[in-house]
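Two complexes, one shared chain (chain A), two partners (chain B, chain C).
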Partner chain A sequence: MNAKKTNRIAAGVIYFLVGIVILLLIGIIGNILITGVPHLSWHFLSSESSSFKAGGGIRDQLFNSLYLLLLTLLISLPIALGAAIYLAEYAPDNWFTQLIRTTIEILSSLPSIVVGLFGYLLFVVQFGLGFSILAGALALTFFNLPTLTSNIEEAIKGVPQTQREAGWALGLSNWKTIRGIVLPAALPGIITGVILSAGRVFGEAAALIYTAGQSGSTVDYSNWNIFSPTSFLNIMRPAETLAVHIWKVNTEGIIPDVNVVSAGTSALLVIVVIIFNFGARALGNWIYKRLTAAKIK
Partner chain B sequence: MTYVMEAKNVKLKYGDFEALHGISLAFPAQKLTALIGPSGCGKSTFLRCLNRMNDDIDGINITGEILLEGKDIYNSHIDLVGLRKKVGMVFQQPTPFPFSVFDNVAYGLRIAGVKDKELIKQRVEESLKQAAIWSETKDSLQRSALAFSGGQQQRICIARALAIRPEVVLLDEPTSALDPISSAEIEETLMALKQKYTFIMVTHNLQQASRVSDQVAFLMNGELIESGSTQEMFLAPQKEITNNYLNGRFG
Partner chain C sequence: MAKKEQDLQQVVEDALAEQKVPHVKFKGIDPRNIDVDRLTKPSKETRQERWGKGLTFLAIILIGVLIVAIIGFVGMHGLATFIDNKVNVFHFLFSTDWNPGAGKNHVGAAAMIVTSFAVTLLAAIIATPFSIAVALFMTEYVSGKRVQILQSFMELLVGIPSVVYGFIGLMVVVPAVRAVFGGTGFGILTATLILFVMVLPTITSLTVDAFKAIPKELRKSSAALGATKWQTIYHVVLRAARSRIMTAIIFGMARAFGEALAVQMAIGNAVLMPYNLVSPAATLTSQLTSQMGNTVMGTLPNNALWSLALLLLIMSLVFNFLVHLIGKKG
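So, the complex of A and B:
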């Protein structure tokens, strides 16, 4: 067989394999959107879910998902940022940092149901937090930290070494170089990393079933007292998220319109994650442009 | 002739490997000294000793003395920030920070604790003028420095180094990443700035060394083979090997 022919066959095989992947993706996302989008309505988004009757919405689940995500990021971002700065800038290359990296890798491949059960035993039972948004956010932090840390570490490592040297040459200390030059330069990458991991967190169900709980207690959106059990801001109340809701209505739901609710919820979930992904890219580009191109006052 | 900086028997080791075998060289004030030699001869390593940029490399050991205004910069009492304020540096690749032109040039001043806004403004303008980039940046000081061309970025970096009024500016192949026109502009800038500052420049470009330098030091395999005034070195070097290198018989 001559080289030209081999080349053509190899290219053909590669195109074929890529085609399978694209087809699968389009099939899954298309199916979810086609079956789900027709059920999305303002009523669906703005009304409470129903336990027995048809026609329930997902207002609380949507809010809970966003609120939980916000809390998770509030907890995990500072930790991940610190860890990533350490790993990228300070960590010497020895057995200890190797151990940290290996631990992070293992943690990131931990099945989320294991994270959920661990969170249940530690936060819900041991710390007595009960099924609560806080317990859920802590479990999601465990789930989120490894990915977030390595995303941020990559962004920081992507800043050219010459930038650091230029900082040192101006008489900046190592920390001032990192804070004043490296972090701003890595910002677009860091933000992209944060939003991408947010998409993962947003769709997570298994880690939340045993931590944030499922029972959608009555939520009062006009009650701003975070200590009140019915306040929407109370972090000690149990909270069902979109992903958990899909799981629940399908396994133990007795509402007659299970298919409608789960299809609509799935579509909403996918749409939000897609928005996150495109938003991450757009925001990253926008910030990069702000930092690099015309900003004429 | 007065000397701003003087290296005495500087040796540098990475672990067991000795990269510089005792280099002694004095740098005259308000002159440009060119460090030349084949790749890997240690000229950049030596240059980076002069503002202690090699300090953080694992297993490094530097002995000998480097005197700046009579004081050894490797003395443990020396303040690194203070040293680097006196000995600035410009790198091979332009290294503008991802900020506006103004903030780039003002950065060193702000770090040094200068609060007076008028003074900063005045110093930024002056430095940009000195680096011959004022006319191209004066209407877009708030534009990101990264939006400029390579040659312009390099001159912004020179302005940034000049803004803190250093005694000595180290140049590590400052034009090797630039096109010939930008290189020529940088050379002109350096010629003009020599009245005020002392430059020490590593370059691979022998013509450039002959055009802009006053003193030339030829290094090979970690050793200083010969140094002298540019004219002497190019017209009548003492050593055969220097003559061969300068005439392009090896490179």
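So, the complex of A and C:
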């Protein structure tokens, strides 16, 4: 067999494997959307889920997912932002920084079920919070912190060094330079990073099963008193999210229309992820355009 | 105090008296009015600086404390099986007798350990050729728009929640496996096929990075020697990227090993030593997910589950260590 023939065969094999992967991709995403989207009616989105009859919706799960996402970002964003600024701007190149970086890597590769169980141990059992939105949001924060930190760090590092030097030349402190020059310049990248991590948080279930719980309490959307147990804003009530709902109805549920509910919910989750993925960059670019006079590269 | 202040005053006066630039007038400055405090204390900028550095350092410390707490808490509960309940470590690792409710001689996790490793290794073995092919395709064969489309599809694949993969597994893979191989359709093979799709984008994107990091000159020199594209790929590109491909595969394996829900939905959840690929089995993660809610805190069955969690944690650390090791060598 000569070299030219081998070359052709190798190319053929590579194209063949790539073809399979592409078919697989289209098959998976198509399957989710085609089986799920027809079930996404207003009724499905706006009615309560049922525990044993057919025809239940996902209203509470949808709200819980969004509420948990919001709380998680509220808690994790300041911490991740601080950590990222330190790593990108202040951290000296020594063993301590190295240790911190390794720590963050370890945290990011921890299985989410382990993070969830830690949350269960610390908040649900030790602190006596019980299955609650707060415990869930904290567990998701742990899950989200490493990714968010490294996303933001990348964004900050992407700001040209000359911009910092301009700030120092004006006599600004390092901190003022970071706040006034580096962060605004890095904002589009930071927003992209936040939205991408939000997509991950939105679909996470393993970390929530034993923290936010697997069942929802009765929720009253007209009760704005956050200390009332039936209020939709109460952070101490147990809450089942969309992803947990899919898992729950498939493994322990007894409703007859399991497939309809799961297919609809899966499609909704995937659509949200698609919007987050493509929206993240678009929004980042748009903000960059608004903040600066520069053209997008 | 007085001495230092006088010295400073002196310095200022000297400076003003000796000034060599006659066109600059220091009319408004009277040496006696110099605010020595402002010259000797930290400036506003320094205070800002300390505040900012302190604040961001606090965030870093928080993350550090968090990881220590996770390892500490899970470790404490995981070791309770061996310390409080006196289960033999070797029994735990090598016995297949899993019935922790029956006492300390029935806490063998070998079946789950073997299954966990089996699905992880099989998924990585299937995914690697596909990942390398896609990565080669994206870096060596095509460029421009087609790469971007493939890339964003891959990112989408990463973004799909694991329960959705589990659900597709139940809907599509389980019936398919049942139709082809008989049995229930739940088992290692089903879990492997799902994990294969889940680790594919992880391994692919890291492999793409590895190929992109190879200097163009290497490829050009190879071409100048008369090598075909495949010879260049085989002898230059793959060889230069070898250690980073290994890293990519380990990252993929770490993801597969820790994946809980998708596996739990597809593997059948029977704690048995798997005797073939289509018999129901259980992994460490699937057992944790399905049983944690059914045990009482502090009892042996519960502690045994925490030991499984500790094992997962340790494996995650091992995967990290391997990545570092290869990074250092490569």
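Note that the second predicted complex is superposed on the first by the 271 of 297 C-alpha atoms of A that agree within 3 Å, B and C clash if a C-alpha of one lies under 4 Å from a C-alpha of the other, contacts with A are read in each partner's own complex, and residues count from 1 in each chain.
By definition in this document, contacts are C-beta pairs under 8 Å (C-beta built on N, C-alpha and C of every residue); 3 or more make two chains touch, one makes a residue touch a chain.
Nothing here was measured: the structure is a model prediction, and the numbers come from that model.
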| item | value |
| --- | --- |
| Partner chain in contact with A:Leu87 - chain B first, chain C second, else both or neither | second |
| Contacts of A:Ala206 with chain B and chain C, given as first, second, both or neither | second |
| Contacts of A:Ala166 with chain B and chain C, given as first, second, both or neither | first |
| Partner chain in contact with A:Lys176 - chain B first, chain C second, else both or neither | both |
| In the superposition, chain B vs chain C on chain A residues touched | C |
| Which of chain B and chain C A:Trp286 touches, first, second, both or neither | neither |
| Chain B versus chain C as contact partner of A:Leu145, first or second or both or neither | second |
| Partner chain in contact with A:Trp224 - chain B first, chain C second, else both or neither | neither |
| Touching both chain B and chain C, residues of chain A | 171-173, 176 |
| Chain B-touching residues of chain A, taken from the complex the two chains share | 160, 162-163, 165-173, 176, 180-181, 184-185, 290-297 |
| Chain A residues touching chain C - in the complex, by the definition given at the top | 3-4, 6-7, 10-11, 13-15, 17-18, 20-22, 24-25, 28-29, 31-32, 35, 78-83, 85-87, 89-90, 99-100, 102-107, 109-115, 117-118, 120-122, 125, 142, 145-146, 149, 171-176, 178-179, 199-200, 202-206, 209-210, 214, 243-244, 246-247, 250-251, 259, 262-263, 266, 269-270, 273-274, 276-278 |
| Chain C - residues contacting chain A, complex | 44-46, 48-49, 51-53, 55-60, 62-64, 66-67, 69-70, 73-74, 77, 129-130, 133-134, 136-137, 141, 150, 152-157, 159-164, 166-168, 170-172, 197, 200, 227-231, 233-234, 251, 254, 257-261, 264-265, 285, 288-290, 292-293, 297, 306, 309, 312-313, 316-317, 319-320, 324 |
| Complex interface listing, chain B residues touching chain A | 51, 53, 80-85, 88-89, 91, 93, 95, 97-100, 107-108, 111-112, 140, 142-144, 146-147, 157, 160-161, 164 |
